[in-house]
Amino acid sequence: MALSQEALLDLYRMLVRIRTFEERVGEMYYEEKLPAFDIAAGPIPGEMHLYSGQEAVAAGVCAHLRPDDPVTSTHRPHGHLIAKGVDLKKIMAEIFGKKTGLCQGKGGHMHLFDPDLHFGCGGIIGGGIPHAVGAALAIKKRGQDRVAVSFFGDGAANIGAFHESVNLAALWKLPVVFVVEDNLYAISVPKAASTAVRSNAERGAAYGIPGVQVDGQDAVAVYEAAKEAVDRARRGEGPSLIEGLCYRYRGHFEGDAEGYLKEGEKASWKEKDPITILGNQLKEQGWLTDSDAEAIQAEMTSLVGEAETFARESAYPAPEEALEHVFA
Amino acid sequence: MTASVGIIANPASGKDIRRLVAQGSVFDNNEKINIVQRVMRALEALGIRQVLAMPDAFNLIAQAQEKAGVGLHVDWLDMRPTNTTRDSIEAAQLMATAGVDCIVTLGGDGTNRAVAKGCGYVPLVPISTGTNNAFPEMIEGTLAGLAAAAVALKVDGVRQTAIRLARRLDIVRDGEVIDFALVDVVVYDELFVASRAIWDIDKIQTVVLSQVVPGTIGASAIAGYLPNIPNNKQGVWLEIGPQGQPVLAPIAPGVVAPIPIEALHWLAVGEQRTVMHAPAVLALDGEREVPIKSGELIQVRLSQNGPHVVNVRAALQAAGQAGLFVSLNGKGGGQKPDL
Amino acid sequence: MADRLLTTSKAIAEAIAQEMERDENVFVMGEDIGAYGGIFGATEGLLTKFGPERVMDTPISEMGFIGTAVGAATEGMRPIAELMFIDFMGAGMDQIYNQMAKIHYMSGGNTKVPMVLMTAIGGSYSDAAQHSQCLYGLFAHTPGIKVVIPSSPYDAKGLMTQAIRDDSPVMFFFHKGGQGLGWMTPNPRATGHVPEEPYTIPFGQADIKREGSDLTILTVSLMVHRSLDAAEKLAEEGINAEVVDLRTLVPLDRETIVNSVKKTHRVLIVDEDYKSYGMSGELVAIVAEDALDYLDAPPKRLAVPDVPIPYSRPMEQYISPNADKIAAAARELVAG
């Protein structure tokens, strides 16, 4: 039987939720930083790497995950956090560096950990990939049918940790899915200039695991591929590699002048916007009307607004707290 | 006009979701380069000097030419690869317009279907390298190259005995052919094209086949192993459903599954039937292509509209008979083996 | 209780075995730790006892398997990963330095990494620059890692048991020359009495291995043995050296250090790690901060000079602290 209306509408809502969150953070990031950009200023200081444009990958994969399925992510983690179901308020408060944040302000935008949802991320390229393997190892040792997922980019697929991790996962037949988000660039270096093979999906063959490539702008395509990979892992058949071709709308980081882009490239990718694509698919089936879409957008705007208010109104941690939590 | 051969090789993009559910092998790009190498050496050995090639992001053919070290002149089609199936259609069209005598393809049913959309009357030598491979042959590259050369050189008897017009399944809407499949059409209980591949047996509602021969893998295998196949019917229409009689079929590499056949209709060339399931998606040669909306009426018709396909063994036999392999008098052709 | 003599390597293996019996979440992974028993004997007998599911040989993938240990630890397991030589830390440094050490902190304490990274250190047997280092200074310098360096079989078992039970990441450094291995230069101090029952030694507790009154020697690992050898010689000359085995650099027992210096008024630091920017400098700073007025002479450091460790024996001996050099330094300290 076909994908259900309910599943697809959930997918659609998740895409809108992520986009709305990211775009709002993107607006707030520039508060107090201008006119002359000062990265240290404003309510959201430091670097910012937003996920706008890539929502279909996070949503399509995480739709199959249970709360206790571990996920590791990257310096661009918000999409995965939201798709995994982490509380928007706690994410926002952490980005604002508040005491009520997921990590009490210690981690910030790139280092968020939610042990209840088994979520972790970090700013070192490829750093989280072995962690997913380790989580999968723990799962296998306990004889559970949980699955670990590691999200990382086309740049990370060239780092040693990736290759070591895939080899280990394949060797020990661990329940882990490796998701390469190929958004064409590692900061400014295009994939064609960094990667010896045309597609990272091919690299699965080097380790004896299946690797597939999907259109990362098509949430349903991602959903399908992820379902197969996750089911495979749950059945004990081992790891898989999924490469999603997608695009980041806002550059590598906020403030990226993106001088390295090809002319017209971003515009042509925006024509394949994941929300538009899925929205149209739903409308053709009669499952979504324009007013439904507006209502969903309004709902998400409101949710994100609540998270924003919560973050702004929360207190900062006491400065001395900097000395806490070094050890357990 | 100088004899010329076109080569269309699709780089592996790893798009096949079926790798997650079946035991499909990965015909990796390096293997394809090796095959093209062999094709080129064979072409050169028989005196072909002109090759027209489809550019691709992996530079398969360029790499093959470099490795083969041949004296062929390779002309590159003036096109920008998009790395989608559209490239193969465009390449075939350009080659047909340029007047090539034969096109060698590397790919599965999907690639050949695309080439068939553009090649017109140009005969194809399809070398199998994809996952769904009912149409192309598992044929070694050197032999494929020799056969293509024999066709391009218009050797006596080759065209007559070794080239056939392939059957295909035309998709008809409101009396118009909107698309076609070379080997199989599957009505799949899904709404979207999405990741394109089909693999969930429970979602298969109808299978239409342009050939009923044993020895294939994929949907086309479903009818090939039935007893009592009538002689005068070339295709078959199968309704699949839980009430049906299960028939074992090698439906994917490493997967032999019972497919329950509720109804079976043999098709002669020219016959058509209407698809009875909507909404659904039609998968053509293993790839979801045509969504059918609720209430829409689509027919599938077995036709003999091509493309022209070269039977490699028959071509080599005819060429041998015609003396192609002894006519060169030691001048040109052939390479000293560097063993 | 019967008197049992165990080598350091066997003491470590016993600690691990007893913890693995007690807690099913404990498992071991590393290169050659299975059938081989660990290149330096730290996992001898474990494979036979617990099987390959819990005693896992890994490929040569330090980043991969150390990171895997981190991931498993965040899921509530208690892995012991062996880094065969500390010199190989580069192959997995990010997972040690940025992941294992920092996840607890970055998570605001919501995610623990209860793992042990054990590793072999030290030279003096001609294994040259890339196989003879100590480097504990580097890791003691990294916030978030507990640094444990036993010098005796008794300490090794107690500290390893403590390390496994600790909820924080612990790096456990055992000296190759102190393991009691049959193929290393014989070392009588590598064998000692070890109680059979499980026991722990708290971190942050230095052990005064030899009491004295004329000078304090602060040291760890194999240099404890050499300092004790030197102290015996010095005693014949009427110089009584107090040898303080720090046992753990993080957390560090500042109190014992300061009390000892207050008693003896002279301090000699013996360090097999590179001299500059490491343990020896740190200890001098601590003594200066907390016990300056009690010093009758400037602190003295004996460490490996800032050179990669050479292969040829005369050169390697030249750069390594030994009992004679320690005794000479002590004499100078006491005389000056």
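Per-chain residue numbering starts at 1, and chain names A, B and C are given in the order in which the chains are listed.
Just so it is clear, a residue touches a chain if its C-beta (ideal position, glycine included) is under 8 Å from a C-beta of that chain, and two chains touch if they have at least 3 such contacts.
Computed from a predicted model, the values in this text were never measured in an experiment.
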item	value
Centre-most chain [mean C-alpha coordinates]	A
Contact-richer chain pair [A-C vs A-B]	A-C
Between chain C and chain B, distance of the C-alpha-averaged centres to the nearest whole Å	66
Distance between the centres, which are taken as Cα means, of chain B and chain A, whole angstrom	38
Contact set on chain A toward chain B in their complex	1-3, 192, 197-199, 201-202, 204-205, 210-215, 218, 220-225, 228-229, 232, 240, 243, 281, 284-285
Contact set on chain B toward chain A in their complex	11-17, 19-21, 26, 28-29, 57-58, 189-192, 194-196, 199, 202-203, 279, 291, 293
Sites on chain C touched by chain A in the complex	27, 53, 58-59, 61-77, 79, 94-95, 98-99, 103-112, 114, 143-144, 146, 166-168
Of all residues in chain A, those that touch chain C in their complex	70, 72, 101-107, 111, 113-115, 118, 120, 122, 124, 126-127, 129-139, 141, 148, 160-161, 164-165, 167-168, 171, 324-328
